[in-house]
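Note that the chains are named A, B, C and D in the order they appear, and that numbering of residues resets to 1 at the start of each chain.
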Amino acid sequence: MSSFWQNHIKLSVFGESHGPAIGATLDGLPAGIPIDEKMIEGEMKRRSASGKALTTPRKEADKVDMLSGLFNGRTTGTPITGIIVNSNTRSGDYAKTKDLMRPGHADYTAKLRYAGYSDYRGGGHFSGRLTAPLVFAGAVCKQVLAAKCPDLTIASRIVSIGKVSDETTLLPEDYEKFAVADPMFPLANESIKEAMIAEIKKAAADKDSVGGVIEGFVTGVPGGLGSPIFDGVESVLASLLYSIPAVKGVSFGAGFDFAAMRGSEANDVFYIDGKTVRTRTNHNGGVNGGITNGMPIVFRVAFKPTPSIAKHQKTVDISTMTDTEIAIAGRHDPCIVLRAAPVVEAAVAVGLLDLLIEAQGVQG
Amino acid sequence: MSSFWQNHIKLSVFGESHGPAIGATLDGLPAGIPIDEKMIEGEMKRRSASGKALTTPRKEADKVDMLSGLFNGRTTGTPITGIIVNSNTRSGDYAKTKDLMRPGHADYTAKLRYAGYSDYRGGGHFSGRLTAPLVFAGAVCKQVLAAKCPDLTIASRIVSIGKVSDETTLLPEDYEKFAVADPMFPLANESIKEAMIAEIKKAAADKDSVGGVIEGFVTGVPGGLGSPIFDGVESVLASLLYSIPAVKGVSFGAGFDFAAMRGSEANDVFYIDGKTVRTRTNHNGGVNGGITNGMPIVFRVAFKPTPSIAKHQKTVDISTMTDTEIAIAGRHDPCIVLRAAPVVEAAVAVGLLDLLIEAQGVQG
Amino acid sequence: MSSFWQNHIKLSVFGESHGPAIGATLDGLPAGIPIDEKMIEGEMKRRSASGKALTTPRKEADKVDMLSGLFNGRTTGTPITGIIVNSNTRSGDYAKTKDLMRPGHADYTAKLRYAGYSDYRGGGHFSGRLTAPLVFAGAVCKQVLAAKCPDLTIASRIVSIGKVSDETTLLPEDYEKFAVADPMFPLANESIKEAMIAEIKKAAADKDSVGGVIEGFVTGVPGGLGSPIFDGVESVLASLLYSIPAVKGVSFGAGFDFAAMRGSEANDVFYIDGKTVRTRTNHNGGVNGGITNGMPIVFRVAFKPTPSIAKHQKTVDISTMTDTEIAIAGRHDPCIVLRAAPVVEAAVAVGLLDLLIEAQGVQG
Amino acid sequence: MSSFWQNHIKLSVFGESHGPAIGATLDGLPAGIPIDEKMIEGEMKRRSASGKALTTPRKEADKVDMLSGLFNGRTTGTPITGIIVNSNTRSGDYAKTKDLMRPGHADYTAKLRYAGYSDYRGGGHFSGRLTAPLVFAGAVCKQVLAAKCPDLTIASRIVSIGKVSDETTLLPEDYEKFAVADPMFPLANESIKEAMIAEIKKAAADKDSVGGVIEGFVTGVPGGLGSPIFDGVESVLASLLYSIPAVKGVSFGAGFDFAAMRGSEANDVFYIDGKTVRTRTNHNGGVNGGITNGMPIVFRVAFKPTPSIAKHQKTVDISTMTDTEIAIAGRHDPCIVLRAAPVVEAAVAVGLLDLLIEAQGVQG
């Protein structure tokens, strides 16, 4: 792979932060699915920073130009390519510090991997900006999923930012009727919002940043999706979620809390609910043995703090191989988590659609 | 995929717990690598339960018959297939309860996925027994890695079992000189062993089970491996680790602890160490932007408690669609974590070798 | 890839001619398909040489031991592995000539590719014997196809052996009602059989060998299969057919004869036949733009003469890098074409099932 | 797959003939390779019709806009995307005949495959125009190959157009020193040019078209490339060549002529040539057992006559399911072969680079 993801559907994400354009190509979709460009625009807006006080002031219009794969408002079944022209880039910001390896960033590892030839401007292909084409692809996949499984919903909520955690416990029914009050700041418990905002502002004031955790969930998902051993739901989704910059942890259901549980507690007992089988609890996050069981898929994604901080940090100058210091100027989010929710959902939309098409076929 | 994993190297794992044999085929390896069958045997023993008081008394010889791909003790470059003949299986144990969906198991989801035709005996293809061929494949990959990167070591330690946690903090140097006292019970802090054993015995006495967390680490790994966006180190390794039954969480470096950290704390600052670049801390677990930076790769894997417990549990009878109860008889580990360490290492060996061959080529 | 083929279904072929066993693993199949082992046996017999005067006297029982993926006579949806234990091998035959590169064989190229470590005995992994697991896999795929598309038939006929050609022209209807008189020697025109046998015997008497052409055809195939640009029917099938040793040409429909045709002659005009669309002629071999049109898929496969001949040939000794001579002793077919028909059909069965599952899904 | 090709390098081709743009993304390339945009322009020109009397008068500038993957004139190692904006399209030409299935085209099969939703204008994604992005991708791959293997050359010549064949026999040495006189009309025997041109003009005058055969060859190729069983040189190249519209036959070396040969004649005998091993003849086209032997790779590709002809043809109206007639107006090549040479070379460049990177690695 690399910047191609391919299973039953295929996704290519291309571009650099300060190159002419970034974009994505999505192939292997069913034909005839209506695609609403307004909906894509809405998802792009959720990710973009425009006008958000808490995130970077860099204005990103993120308008997607659709180049192919649509005809009369529907998918043709051939590759859909969308590009986003880069503008408002100040490449000069980056040239002078190109040999200073920013701690926590991919500068140094990209140098190793690409023999010194990668585009260093704004992180190049490693920039968080490359999540924009992923959100575009996810918006298309969400619409295909909606056409195929009308009950299926992919959503997310913020469970922690810095040291502020939302400890609300949600039961399976809660996920199934979850309604987000503010899509730009999705929470189960609105009362914690102020504390979270304060946590971010405090970090920003300190020229620092904070991390956080997002919980994603999918309700109305058909049972029986996923193909273990190597193509189980968790393998497919984790692989995609780890392609999002700054993600360092992915867990399903009770996740790391399982370690301290007894089997009698962890096992989700089945019961008959009319004509279907459900579980009372959902510690397994809707997945047993790598296959969906029809309960909500629930997973958590840990984001590290934005590595770009204005504080002085020690580092190395790779051209002279000497120790030095860096203070990263420019426009950076003090907390990436707010903008990450639609990205997490997009990655999962791609993975779920893949699993659905594996089961039903591209013409199914 | 499904039970094939394929990137640059390819792995197929086949078989059912109570079928004639289980096995694995590994392809895309370099030719001419010496393979020590004794070493494979040793890894198989680490995974097997033979004579281990704390794990299931089912005797599994797990002798691997090598069918292909080796000639005069070296890899030929063509597929290596090893099979393990199943014996000592008591299929009668399972027939009578085949319609009772064991909570926490894949019984119900396999019914959905495979239309009711999967082999239900002992979990069939979903049995933990299928980790044996993975350990075999990992043992081969470890030897290829050893031939290509003599400094590279893949190891693991138990960090928690049930409510007993080893809070020892290891610095990069500690990983680099880590020596396991007991490969069957690998710990950083030997003094915690008794408490962990007690935790398992207590669960067993209660006809119950416990989960745990394993930390894996790879030292001496070359920098510059991994191909983001979609084929970064974390994506490749997480995808493989999630193919291990009972794994519900995978994190890298500080993982979920990143959420509460500030950027200034989380960033691993670089420094010059002779002719190389290192980081003081290793919160990123040896991976920046999906690419190895030469520091130890460190990751944690959460295992849920063994779902097979002797305690009575509520469940459903799928043939009559009625609520009922189940008490799982038979031989089951009260804690899967002890046997999981070599499996975790095997999954990572496969993934790392893949990344190495991507970089260097199969003839490189 | 290499010895893994993977698209929607996955196939791994493993083993060496003189190793312990050869075999194949097939994954990604639908569950619940009845598999008749007698039918598999029949296909294996078509390929094997037993008792055939015109082919090698080496006795190959080619009994397939099924290790996994079947339960109560049906596919479980998990990998099906079958192995064939090697016996009646006289490895001594090969040791003395191991440094003499047999002309037309893979001895020299395998040396280059596998750095001198490949198993040289009997051609190792390059032996025609490795077509046995392919025929096994094809026999399984044929049965899955039969269950999904009851009208679909995969067959083949010999169109030339050496200088003897069967010039019979078959119309679409002829393919649709084609009945093979002798499955061991499938012909459209029985009267040419004697001349073909004579051609083979003459070559054998001269310590030489002859090539030939097989025409394969698939009738009753659903329209709309195939996913251009890169996964069209011709790309998928040609890729598989070229994995058969000695194949050096693959064409579809009129193939190379198209070159001399006018468009007005080459185009297959459509007409309405009741509720369906058909073409009058079938020069395109049932495929337009890489997608099936519902007419018979017709293709031709050119086989070179068996490179193993008893005649003296010039060659090189690779250990001394000197020119020398070789006369290949042992048991070799004077014409591989007779045994190749079931192999060609098997390769196509794998490819077609892949295209069908792409369209309909593994659970479709 | 479908419009993604992925092995070690990955290629996505997207767009429709009358959509906003067509393009290609190429990923998995080594970093630091200098890319000359003038050379790309030259290859695009070879494919395009501009100013060529014998081909369609439609003016296609085919200017490639490079969106990503290049920095300071070199590959960065991240995806290279190039797009070609569509202009000079007269969509009105196609709307009125959209229900008339053009014989020999993909109109009818695309309807089946894409459920009636494909873009019918100018063949949409099935248009020969989609070979432009392939030529772009091939031009990049040729430059990477040139950097890695300075002796490697990919070239082609026309061997037949309609009933006019160039029977010139080329020896291995001839391929190695082959120099094309006119890259727009590459021939081994210049004296046949007039007859070929006459053949095309005659067909055009008859409102008809002719097919032809191109021979491609690669000299200076390293031995030992290719990974049988399923990833041999012939499988990889044939799969790519069959993705070119109108290709209906692909053969290697003596191809279909092998059928009538004796083994003693077909086998290419080895000899020592200084420090290397060569073959006297090259009937196997540089490939034994799916692996390159260092001799020129030689292959032939059969093209059917352009299916678009001005002559009246019978066909069906798919909306009314009635028989009818069609006469295809518009601008069409009377012979596609002239423009196909650079396309054939491009497909082979992609395949060869893939095999090279498999052997040497992306960082090798």
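As a working rule, contacts are C-beta pairs under 8 Å (C-beta built on N, C-alpha and C of every residue); 3 or more make two chains touch, one makes a residue touch a chain.
No experiment lies behind these values; they were computed from the predicted model shown.
Look at the CA centroids: the one farthest from the centroid of chain C belongs to A.
Between C-D and B-C, more C-beta contact pairs join the chains of C-D.
With each centre defined as the average position of its C-alpha atoms, the distance from chain C to chain D rounds to 26 Å. Between chain B and chain D the centroid-to-centroid distance comes to 45 Å (mean Cα coordinates, whole Å). If each chain is reduced to the centroid of its CA atoms, chain B and chain C end up 39 Å from each other. Across the assembly, chain C contributes residues 1-4, 13, 28, 113, 125, 224, 227, 363 that each touch 2 or more other chains.
Chain A meets chain D in the complex at residues 1-4, 6, 10, 12-16, 19-23, 25, 27-28, 30-32, 65-69, 71-72, 74-81, 83, 113-119, 124-125, 363. In the complex of the two chains, the chain D residues touching chain B come out as 8, 28, 224, 227, 357-364. The part of chain B that touches chain A in the complex is made up of residues 1-5, 7, 11, 13, 101, 103-106, 108-110, 112-113, 125-126, 130, 160-163, 203, 206, 208-213, 223-232, 234-236, 238-240, 242-243, 245, 247-256, 258-272, 275, 277, 279-280, 283-285, 287-294, 300, 302-309, 311, 313-316, 318, 321-323.
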